[in-house]
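In structure tokens below, several structures.
In the two assemblies presented below, subunit A is common to both, partnered first by subunit B and then by subunit C.
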Partner chain A sequence: MAVTSRQKKTQRNPGRVLGTVLMYLVLIIACTIVLYPLLWVLSCSFKSTAGLVGSSLIPADPTLANYRKIFTDPNVNFGRWFFNTLKLSAVSALVALALTTPAAYAFSRMRFAGRRQTLIGFMICQMFPGFMAIVALYTLLGWAGLIDTHLGLIVLYAGGAIPFSIWLLKGYFDSVPVEIEESALIDGATKFQAFTRILLPLARPVLYVVALINFLGPYAEYLLAQVVINSGSKWTLAMGMRSLTVSQFATDWPIFSAVSVLTALPIVIVFLSAEKYIVSGLTRGAIK
Partner chain B sequence: MARANPNPVMAGVLSALLAGAGQVYNGQRKKGVTYMAVEAAFLTLLFTVLRDPLYGLVTLNPVGKFLDSRHILLAGIIAAFVVAAYAWFHIANIVDAARSASSIRAFHALPEDARRISPEYWAPARTLGPYIYIAPSILAAFFVIVIPLAFGILLAFTNYNLYHCPPAGRFDWVGLANFQKLLKPGSSWQNQLTMVLGWNITYALLGTTLAFVSGLVLALILQNRRIRFKGVFRAILMLPWAVPATVSIMVFFGLFNTTFGPINDILKSFGLKAVPWFQDRTWARVSVLLTHVWISTPFNLSIISAALQSIPEEIYEAATVDGASPWQSLAKITFPLLMSIVAPILVLTLAGNFNNFGIIYLLTGGGPAVAGSRGAGATDILMTWVYDLGFRQLQWSTASALAVLVFIFVVIFSLINFRLSGVLRQLREEE
Partner chain C sequence: MKVNRAFLCVVLGALILSLAAIPSTAADPLVVWCETIKMETIAPLAAEWSKKTGVPVKVEPAGILETASKVQMAGPMGKGPDVFCSLSGTLGQLVITGTVAPIQTKFMDLSNFMDVGLNAATFGGKLYGVPYDISGVAMIYNKAIWPKPPATFDEVIEKSRELRRQGKFGILWPLETFYHSHAIMAGYGSYIFAETESWWDSDDIGLANEGAVKAVKLLKKLRTEGIIPVGTDYQVAPAKFSEGKAAAIIDGSWALPGIKQAGIDYGIAPIPKLDNGVYPAPFVSLKWWHVSSYSKQQENAAKLIAYLTTKDAMYKSFKAGEGIPPRHDVLEMPDVKAMPEVSGFGLQASYGIVVPELPEVNPVWVIMDSAIEIALRGDKTVEEALRDAVEIIKQDIAELK
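Here is the complex of A and B:
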């Protein structure tokens, strides 16, 4: 009854109709603003430099030359950049996960001297502006002979991901009931077994989320990469793309567009298919 | 066996003089000998490996195999942390000896034996267990985060710049000179700092607010029962979050470009004038804010949507029954409840935006230039100015001093956030 009467009211009330139209209008404008830049860069990747000017989204003279060029031109080594980036992001994410999962387990399940202080310490670490560390990181890496190596960059990415990952993992572990592990302990399992055989399988969703977030972080990171890496064969996608945009002129723009489309596409697909988990992973601690 | 009637003060004093001595006096022989071994190991290190770095940290003079000022400083920091860790151990050892003594006296049992009786799985007697789990993370964070940060802070008190640049040159301690230079009233540095800080705060506040408002409006619309195709709209509106921010910023660099960018073409087709986006200081700032809102709205949208869904339906129904109009329930129910949920996240993003390096660096590069400045442009925020001072002008020490000032701002922001979110209280309650 209540529903039907509300529906009738909706149809009769002109103010409500106007409100609905307004809301759709806002949504459509917002979607246009969101889509235009994306469609523009997509269309640029099929344009020639000459056909670049203008706001039209449909290339007058569509060409695949830009895509052909980024796979063949030795100066625009997309394949190499992409491989480097994948390697860096994947290894950093796995290292960070391997380091922080046991720590988060201890912080969640065990009580020990210095626990609270360490957790707060990790939180304070995140407040420092990253730049403060860059000079020292550069010196430390130089000392260890890791300048211009991917290993050096992995160390920075994985290490930098530790505080955030521990907090996220700990938050999730806290929400997994402890009773199952306790009964396993009574049955004679060690704590390490309770951790690897019981908690980890139960916490699989958050492990994926942390791995994914730590993968997406380095994927398009520019600042640290630029400081650590010099040689062109070790460049990442972000460095390569930046090199194509710094020239103020239009010559490289279609090439840049092709690179950025191929850079963003896999991430957009991964992100959209995992969005639900990422959002719940990020908001879980904050919204209860 | 434990001594029959140990004196806590005596035990403490003995342990203060020599780690473990008080424990041996209490009758805890094994523990005492272990502690003595730790002290012996530390003293050996102190007079061999740690001596040169510690001397170097105080004087910054080349010493032993440390010739480069940066290496001297780094080695000194690591040595200082070792000393600090030992100091912590030594104090804990004194407290332990005194406590054990009074426990033996009162209960004829050691505190850890008393604790072992309780059937707790997760906090049994003091063991190394938890520390083995956290050690890898702690060590990695120590070398990648803590030491570099300490180095960055200490650089602010040196004269590390183009003229004092290792390996050829060397830098020295200069006390607070860098801070005095930056904060001296009326100086060009101080003028520049005021300008950059003003824009930095404006950018953080305005950017956060605008993205929040646009997220809020869209979330409320998508929440409305009369809207259909929500899934499609939502999927499109979330796209900017899915695209890596670096890519988006570079795309906007092209969109605003005055030679080939389409935004000016669109403005012209509406009969408006072309805008000098990156050449004019106000328009450059507008372009930064627009890009920021485009990138950050989806995050706000998703947080606000999640928060809206957590507000129980019954409250609205009760309000409707009491005769509240939709606008009234929005203003009196939705908004206050929403703010109480998202306020901590909002403050956190505010602090993050304060140092949102990428958007400025990749979009405008801090430009356009400002006459009579110390290198900072109209859209430079503190962090990009710091980067420019360090990597382009090679004024590392000034850059570090500025970074320390930035840190103080961020800490103030974050303290407010901790207050709001009650994280600290929660941690204390867990134990």
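Here is the complex of A and C:
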């Protein structure tokens, strides 16, 4: 006997409803775990006393004094730190992009001796934490006379980005059909023209991703910056924030929280505006 | 086209790298790495000195916890500072690695500095750092109970007994915390590592000697008589004091905000003399100015340090920020004397001792904490507990090597 549609519905529905409820539950829990600390930092930035382990999520005495202090305290040079960090991040991202896109094109579209070995070599290099290499990197910068310079840091950041970015880009390029470029080559375009006029526009999402990753990396990076930079005028946001936390005894958490909020704001804005590109860039390669 | 482009890239790359290698031709300024919170007062002082002597000076902010390791890396590269600050705990490493140069003391008058500050930086007869800040714990007492600070530790014990009978507390501090209780032990003659003329001798551990035993027996008395009950930790003591239920605590300046907020009329004084007439010696932490051994202007560096640590300079520089100047003459100045936070802690600090700057000192804290706890509980006799602790320390040190 054929099952009526009503019976079919009641047989399917409880399972689906339960599944949906569970899914939302998991998402809500995950969001809470992620958002709660952020809200805490936000509320701490409005606190008037120095404690972090405080009473409630909503501060008893909300005040803008911490934000005001950021711009008036002589030890807090927020404007300078922010400018330096933006400069480092933006230039690192651009340089990384400029270096890795042609390289990824070569790895994807061309065949040459040592191609596979280099790719595997990149993967192996990724496994070493950058921290281990600090003294070696410092010595190299010393030979080049780049200690205590932003250029030196950019070299380290952009250079360190190469393996991962090349892998990411190559993966995406591999998913773009070669036929389009081949037909362009037949029509008389040079390899470079095929690269810039056909592949790159198609690869825009992944280029955004690579640029964003290489922008975010240096933005909050502390270890390398701390080691390389000596002059106060070259400090980054991370170094500045560290100097705020290390005082004689008590950490001034409210100011630290306020600086954190101001630091995070540009990133949030950038991410929200470029979100659709990032998501499509990360997912499209997989589907094709 | 292809060849041209490649060639261009190579030339561009070479240009960029060569730009970085252009040496600066300006006269090298004296570079000072000053801790961030002191920048406000040190930078103008350095500028003053620069004007007077005509030597260009550049003061950079630095995290005081990082300067030691950064100078060790940057110095050999020629990118290090000439003068820099450091915190207790890194001096040993700096001296052993040869990062700091002996300071030419002929440019300065060291007579008014606290002995503890200078001795801690003197190795093999040479001074490797000039102290500019000292901090430590002291006795914070309730003026309602003691209008004048008690003169002897026996007085403190007597009063504590009286107060306990009334259900309140006398003196309180975390007995089982070796870092604090060592003050009493040191007063009776105990020491972690013996000091030799040039360094510390990590084989000579004085934590089970006569003085140590006498001290821990005194601590045990405080425990068994109920003067300092079980469970008094570093949060309970100031809490009771802020409630007005304790007459005195042994704590540092970080405890003061809470006490002030509670409205207690407090005073700060050195922990009173023990029955052998000696002041207990708590551990103090110091900050120093050093001359980098990679500096090419060591004489100027020494002169600048001399300028930054004169009586007037210290008076100016500590007034703005936190900390205590390690100079007797500054502490004696009338308006400084009127600030109990500074004069009280300062006086106590002058009786203090420093933690030996050896990596061998690391296992000591935990082992001694539990040794005191065991002795206070009565699981072992005091002599046994201390002797066993020293044995364990010796084993740990042997393993370190």
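The working rule: the second predicted complex is superposed on the first by the 226 of 288 C-alpha atoms of A that agree within 3 Å, B and C clash if a C-alpha of one lies under 4 Å from a C-alpha of the other, contacts with A are read in each partner's own complex, and residues count from 1 in each chain.
What we mean here is this: contacts are C-beta pairs under 8 Å (C-beta built on N, C-alpha and C of every residue); 3 or more make two chains touch, one makes a residue touch a chain.
Because the structure is a prediction, the values reported are computed rather than measured.
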item: Partner chain in contact with A:Leu272 - subunit B first, subunit C second, else both or neither; value: first
item: First, second, both or neither for A:Ala184, with subunit B first and subunit C second; value: neither
item: Subunit C versus subunit B, contacts on subunit A by residue; value: B
item: First, second, both or neither for A:Ala220, with subunit B first and subunit C second; value: first
item: Which of subunit B and subunit C A:Arg242 touches, first, second, both or neither; value: both
item: Which of subunit B and subunit C A:Ser231 touches, first, second, both or neither; value: second
item: Contact residues common to both interfaces of subunit A (with subunit B and with subunit C); value: 135, 139, 227, 242, 248-250
item: Subunit A - residues contacting subunit B, complex; value: 10, 16, 19-20, 23-24, 26-27, 30-31, 33-35, 37-38, 40-41, 44, 52-55, 99-100, 102-103, 105-107, 109-113, 115-116, 118-120, 122-123, 125, 127-137, 139-140, 143, 155-156, 158-160, 162-163, 166, 178, 182, 185, 191, 216, 219-223, 227, 238, 241-242, 245, 248-250, 253, 256-257, 260, 263-264, 267-268, 271-272, 275, 279-280, 283, 286-288
item: Subunit B residues within the subunit A interface of the complex; value: 70-71, 74, 121-123, 126, 129-131, 133-134, 136-138, 140-141, 143-153, 155, 214, 217-218, 221-222, 224, 226-227, 233, 235-248, 250-255, 257, 259-260, 262-263, 265-266, 269, 294, 302-303, 306-307, 310, 341-342, 344-345, 351, 355, 357-358, 361-362, 383, 386-387, 390-391, 396, 399-400, 403-404, 406-407, 410-411, 414, 421, 423-424, 427-428, 431
item: In the complex with subunit A, residue positions of subunit C that touch it; value: 1, 17, 20-21, 23, 33, 36-37, 39-40, 60-66, 70, 73-74, 77, 79-81, 135, 252-254, 257, 322-323
item: Contact set on subunit A toward subunit C in their complex; value: 50, 74-75, 135, 138-139, 142, 144-149, 151-152, 190, 226-227, 230-232, 235, 239, 242-243, 246-250
